[in-house]
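Just passing along the structure, written as structure tokens.
Labels run A, B, C and D following the written order; every chain starts at residue 1.
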């Protein structure tokens, strides 16, 4: 079942080591079939070089395993929370990529400081509050999803397709699993640039709104003119 | 038409991923035939691994497409402004390379701090002012070219063949498309060195003029003695 | 003798250049057979590309060579001190990996700042005091082991399987030689992240204990639920 | 003539791109035959991938070309000054490697902060004073050699086989051309570590002399016990 989605999820997972976003088994990508309301996700702790299509796990949105012999990623409840709340999301990525994790560990929103950022993300990348002791000791991974939702609220999540979880690491998403990985790559690079920009010029502030608008809408929406039609 | 120039422009574009100056489709290189007043440039949003000579776009200096089925780079109007104003320029590169973009985002001129810089660039790499809201909402890419020209003025642009566009990223140029890419590589490395030099020693200042002269003219001009005759 | 252990020690040594933890001949991995009380260790100063199973050195816990034609690593007395004191250790790694060495040179405990750290290390990575002149001029490598033991004391060393030796570099350990190398890779990455986190946000403090508990016990102990059963 | 030395000099030059110490044609290695008082050096501006044994240049210690069709490296007079003054030197390397150049541009002595440094260099790596305008406008490359000699004086140059030239870049040396390159690799890595150590802990000071002695003499001199006999 879901053969096409599984291929996409496998390919997207294999992009993580290719783009140097993960070490060992860290990180996971999932995708969703919105008609069947089923998700496909990487199994927990399986090395990328051993990952094959038949090792992927299929679950419903209550977290029940529908297909697969292996345990799903331990972060699965976080993915499910986001899929349930935001209906436009087609794929989700979680990594501990170096620069995005640095901003998450610093518990800082990552500011939009240039057009590299604005080409992809329509504003600062938010950082969640810390989870409370009760949230951590309870349904930790589900509560990680809930604190992301608390942070994002009703905003258009496809315009800023990523978040930093305080003391933890980033999550990104996209229309497809591959799009979500591309957003992880861009988040990693913009976090790298932003670290060095703010340490080079401590007075620097987020981009003017009109430059953000210009670059974002140059690539997104009905008036976009970047790329081929 | 312009087969030789197209080969040069293709080869120069392919140097961008090779020298780690771009991710995905970011960045573009163009070249100009000064006799025919035609430029050849990368198409917009095409991945480097899919780039072939027949996908390049030929335009005149009014921005009309003379040959090619694809849209040219969205930065084409910036290239055209520079070609029209500075007649010695034979090739132009735009990237979002990490270290040069960091200086651009910090809105700082990149100082000449050592002979690595002086061997290639005859002085600090200037940074433009920010564009105004009107300039951004108008002919944005053309205005990016105009603010570069405002910054450079009548200086000998081949002596300092690069500029940082505030909040954006670098442009470099050269006698040929390949030269322009070499200047991008050197700019990236000198921006890396300069970031760490000024954070290591906050009192450091730009090179003495005579050391700048010595290294620059060791490699450039009629008295150069670096390399083979 | 000890053929299986030798294979493990050889493979673990070869992981050091693969994971970019060493330059030239820097670094060494050992393993122990707890039944025979014999250790297998890399010979001193032999390049990794020339390392073969027959070049490994077998020693008893008094440091006597039991098998092998080459001198063992000069750090062998440090390994032996740790094996004698902590009976759970099955493999030990010493490298001068860049980021861990930076923290060691700074003589700073490396704080647990995020879940990347907590997934592997149950708390801050301690840094030893400096050795005294007498300790250095005496049995230096043995005294390096003793100051590590002084630093760790009776703690559960498998929960924080690494230490920074002041002005020197890291040692890590694990149940097996391979586990010890994995811990070196994670230590290197978390030291990288921690450097940038504390320079980005000078007010940052170590993780809350409950988040440390959650992530550590998600992967370790009888209630672990990360990975496959 | 000098076939064996030429092989060594060629191999050592090719190590520069292999160890990521140079970009394009930056950098050069030379070697000396102390019986014939002839040096072999890289030609100026020749790319490493085009470098062959017959392109190397042979000169005497007055700088006269004895063999070779190409111009020698423009830094040849610096090499010659060092060979003439310090008779133990068998090979010399000049690069603009990133981290060593950062310290040179910062005009700072690079402190010995750990055993990685002490294993190879018996103390801080000195930085020259700036050259005067007259020195730069005169015999610049020869004066670069002279200011290095002024900095090093009568010290045992093989114990600290490298120097930083202010506003410029490093030179290293060794018993052979290969040894000199190894010293460049170690200098680059220790400069990287030192930058981050002093920015992480601003109170840090150079190593205690007895730890410097211990590590240096563990690897050098008649009582060395690192490596194989």
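Observations on the model:
Definition applied: a residue touches a chain if its C-beta (ideal position, glycine included) is under 8 Å from a C-beta of that chain, and two chains touch if they have at least 3 such contacts.
The UniProt protein names, listed by chain, are A, B, C, D = L-ribulose-5-phosphate 4-epimerase.
On a predicted model such as this, the values are computed, not experimentally measured, just so you know.
Fewest steps needed to get from chain B to chain C, stepping only to touching chains, is 2. Superposition of chain A on chain C using C-alpha atoms only gives a rotation of 90 degrees, nearest 5. In terms of their C-alpha centroids, the spacing between chain C and chain D amounts to 33 Å.
Across the assembly, chain B contributes 199 as residues in contact with two or more other chains.
If you check each pair of chains against the touch rule, the ones that pass are A-B, A-C, B-D, C-D.
Within the complex formed with chain A, the residues of chain B that make contact are 23-26, 43-46, 70-71, 74, 96, 98-99, 101-108, 130-131, 133, 136-137, 140, 167-169, 195, 198-199. On chain A, the positions that touch chain B within their shared complex are 113-116, 182, 185-186, 189, 192-194, 196-197, 199-201, 204, 207-208, 210-211, 214, 218, 225-229.
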